[in-house]
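Below are two complexes that have chain A in common, paired first with chain B and then with chain C.
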Partner chain A sequence: MLITEKIDDHMARLSLDGRFDFHSHRDFRSAYDAVLARPEIHQIAIDFGRVDYLDSSALGMLLLLREKAEAGNKKVKLTNLTGSVKQVLEIANFGKLFTIE
Partner chain B sequence: MTSGRHAVLIAGLAMAVALTAWFAPPWARVGAVFVAAILAWYLATRHGVTTSAAVEPASGKTGNDLKTLTDGIVAATEGECLNSRNELERTIGLIRSASDTLSASFNNMHAHIQAQHDFALQVASKLGGNLEDGANLQFSEFIQDTSKTLDSFIDSTVSTSKIAMGLVESMETIDTQVQAVQNILGEIEAISKQTNLLALNAAIEAARAGEAGRGFAVVADEVRSLSMRTNQFSSEIRHHMDEVHGSIDQAHDAILSVASMDMNFALQSKSRLQATMARLEEMNLEMGRAIEHIDKLAEQVNLEVHSATQALQFQDITNRLTGQTARHLESLRVIMAGMNLAVQDTEPRPPARQKPAQSGNA
Partner chain C sequence: MGTVTKPLTILVVDDTPADVAQLEAVARQLGHAVIVAGDGIEAIEKYRSASPDLIFMDILMPGLDGIEAARQVRALPCDRWVPIVFFAAPDSMAGILRGLEAGGDDYLVKPADLQVIRAKIKAYARALTLQDESRRYARELAAWRDDAEEQSQLGQYIIGRLLDSAGLRDPMVQWLNTPAQSFSGDLVCASRGPGDILYLMLADAAGHGLSAALTALPLTQVFHGMVAKGFPIHTIAEELNGKLKAFLPIDRFVAASLVALDTRNQTIEIWNGGNPDVLFINDQGEVAMRWPSRHPPLGILPPALFSGATEVVSYQHPGEMVLFSDGIIEAENPDGQRLNMHGLEALLAQAPSGERLPAIEAGVARQLAGRREHDDLSAIVVKVPIERRQTVRSSQAASAPDRHVSEWRMELSWGPEELRSMDVVPALLGFMGQIKGLQTHQGQLFLILAELFNNALDHGVLGLDSRTKSLDGGFERYLEEREGHLNELRDGRIDMAFHRHLLDGRTVLDIRIKDSGVGFDWSAFLDSSNDDQGLYQTHGRGIRLVRNLCQELSYGDNGSAVFARYAL
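Take a look at the complex of A and B:
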């Protein structure tokens, strides 16, 4: 999975591309660790526009990210949800945990 | 001549009565017989007066004709009365049995409709519709339970994955530290190598110094052996660190199989459940509509059965009417009997004249 990072003022956007599964954990962690380390960032947006598959480890990673972000007073929102990615996130009740756009 | 004309008239009347009796409905038969009887009686009495006034051989003949005629009429009337009475009785019997059968079958119909209605209600409530009592919601409860189970399964899958990914992160940290230790070990090995070389140089220098360097040579040897022991420890530590790294890799693979679950199973199960739920609701609605329809039909059938049962009370009316007809017949019979008596009252003379009449005839 490819991750592109873009920063606008207080918001960091991580755009994911490809399969978001267990094998992406190093890339994903290093991407969000870098963002979490920046104190001026208040919000992290994860863009799922190019994600075609999501497994349970991806959900686990998102929950870990949320936990860490909240510890650093940052908010996480999930954007560009479509198709099965959207359905999986809905089934896991992520709408209650994250802001979804 | 007049009595002959009367005879023709009476014969004609009798014929008319007979025809009426054959073709006409019962009330017309009764009427016809009644009219004919009145006419005949009237004629007979009139004729009786004339025969007693004018004693003629010809009038004796007329009396005989008249008697035969009235006898015939009386007999025919009585026969008709009897037939009509029998027919009336048969009709009453038929109507009674038919209306009894109809009443019974209407009552049965009513009972069956009620039973059918109750049964339909029972079936509907068993299947768990949103009907009045709503006590048996087993099927939809089962679906809701399954849905809850699936939800909690998804929740636990996700939280397991979260914990597993947390473990993965911790292990990554350990692995990084193992690598750092291995880097340090490299440093230590380099230092030990350097120390070893230095000891070797010192040994050579000590040899050159000869007797004066002897003590120094011993120290150089000790330093060399220390550097070699350091090197040995370092490689032992490296070996252990390699094992830790290998174990971390194994744990990583094990966690992968726990954390990485395909979520499509949940999607499919969820959509199947939702489809079943929707179908169930649809079925409940259909069931409700069907029950309502059955209710309406049963109500309608009940109303119709009620009105049919009421209509069956025509039996009382027909009984009364046929009773009246029977009484009319009876009075007709009494009239005929009276007429016969009246005709026979004119007889006392004819028996005396019977012989001259017969001789007149001959």
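Take a look at the complex of A and C:
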């Protein structure tokens, strides 16, 4: 999975591209750790527009991000959900845990 | 190369003392030990007794020559590579080839240059040191594998025992659970609660293999323990979530669906957090009802934010309930096409009732086309009958009346706070289960207490009219009203008294329940002439069942007080 980072004022956008699964663990964590470390960032948007697959360990990584972001008083939102990615997040009712756009 | 090489034991086989001395000098200078043999026979003896690491062998020797000696050395059993380097005359290409074919590895042309001998010995020392290391790794790996294999077998045995339960052999229940690896992170549980209610749980822990199996494991004991005591599934879900939240790291969770199937009252209650839709398939093979996931999986939300809210429906027609994990609908064919919900529903529609689990199994196998499943696969199919049964399945206690039983009394009074937030009947039953002589009556006592207590609460304290239930969609409305009234309950009280004593030589348990309501029309429920009328057929059944179970059942105070005498 490829991750692109884009910063606009107080918002960081991490755009994911490819399969978001167990193997993305290291890359995803270093990407969010980098933006969580920046005090000026208040909100992190995860862009799923180019993700074609999402498994349960990816959901676990999102929960870890949520936990760390909350500890740093930052908000996480999930954006551009389509197809099977949207379905997986809906079944897991992640709308009750994250802001979804 | 900077690696430290190990000191070798080198066997030098040569009948020319000058050549031996030359090689020996170089080898000792490099820190290696040397043993010498004068011919082939002696070479084999020394090889056996001293197990050298490297052999330098002259081809031409009296008696047994080097080539034959090499052949015999190679014929001996050996678990490592011992290189053989031949000394050959410069014009003896045929000899060199025969030597290599007999098991030799290399050759030096006589007279050998000292530099070349030194370089050869160093090169072999490096190669043999690497051989030693890789042999050590191989041994370690084998030990690891044996250890892992042993742990895996023990784990599978223990988990198998923990997961097995009588409920999985219930004639109404069919199930499958196929792991992607040796352990399944999916969990399939079935158990009968008191009152013959069938409870089901299908859980799917994030990931697969042993880590997922461990994640899901705490659920089974809690599930079976609480079902046995008759707790409602919202309480079970809350308890399971709390346990997992306490045990699991942040990124681990368990999707689960919980079902309570009450065939006596024809109701289905469901909690689904993170699993695919639970389906109800009618006898025509159509999806008559579906319950999508309404909650995040277990183990994510802290208890304060967790919701055990269930959906309850009453059903009027028989069919089958189908629960399954996402592995089933995500099974991919070689083109990457998934089975999907659509494909699964088509499988269910084509199979007759009773054949649907094998149909799912066969359909998934076709989809995978011989490839390994990438996720754990599990499913439960439960027969949902329509039965007008008035009797209780649980067997009557067979024990002879105990004449030495002690007399005891217990009185309890529940206020609005307890009525709102406690599962009174399971709590009572848990307590009574500790009393000698009552254990075997738990099923019957649950039915009696649940019916009488719920009547007191619903019709007495909350003032609900059970006639609502018989209207179209009335059952759901009734439950909504009940929840609303219960949440707003500010006063009201239910008193319960229990008295165990001897009566005419028999031990009996007297149960008195008094509520603060104005009473309700109990007589219509007990009047057997109403048996054919729909309303009383559905809603009087409970009271009439209690009357059948008890020696005596009588209402007083317009229905706000009830007395039941149960023979132990």
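Worth pointing out:
Everything that follows uses one rule, which is that the second predicted complex is superposed on the first by the 101 of 101 C-alpha atoms of A that agree within 3 Å, B and C clash if a C-alpha of one lies under 4 Å from a C-alpha of the other, contacts with A are read in each partner's own complex, and residues count from 1 in each chain.
Just so we're on the same page, a residue touches a chain if its C-beta (ideal position, glycine included) is under 8 Å from a C-beta of that chain, and two chains touch if they have at least 3 such contacts.
On a predicted model such as this, the values are computed, not experimentally measured, just so you know.
Chain B and chain C, once both complexes are superposed via chain A, clash. Contacts of A:A92 after superposition: both chain B and chain C are touched. Once chain A of one complex is fitted onto chain A of the other, the partner contacts of A:L63 extend to both chain B and chain C.
Look at A:D21: by the touch rule set out above, it reaches chain B but stays clear of chain C. Counted by residues of chain A touched, the larger count belongs to B, out of chain B and chain C. Shared interface residues of chain A, touching chain B in one complex and chain C in the other, are 22, 56-57, 59-61, 63-64, 91-93. Across the interface of their complex, chain C is touched by residues 22, 56-57, 59-61, 63-64, 67, 90-94, 96-97 of chain A.
Remark: chain B residues 151, 154-155, 157-166, 168-169, 172, 256, 259-264, 266-267, 270 touch chain A in the complex. By the touch rule above, chain C contacts chain A in their complex via residues 206-207, 250-253, 255, 273-276, 292-297, 300-301, 326. Interface residues of chain A facing chain B in the complex, by the touch rule stated above, are 21-22, 25-26, 29, 54-57, 59-61, 63-64, 84, 87-88, 91-93.
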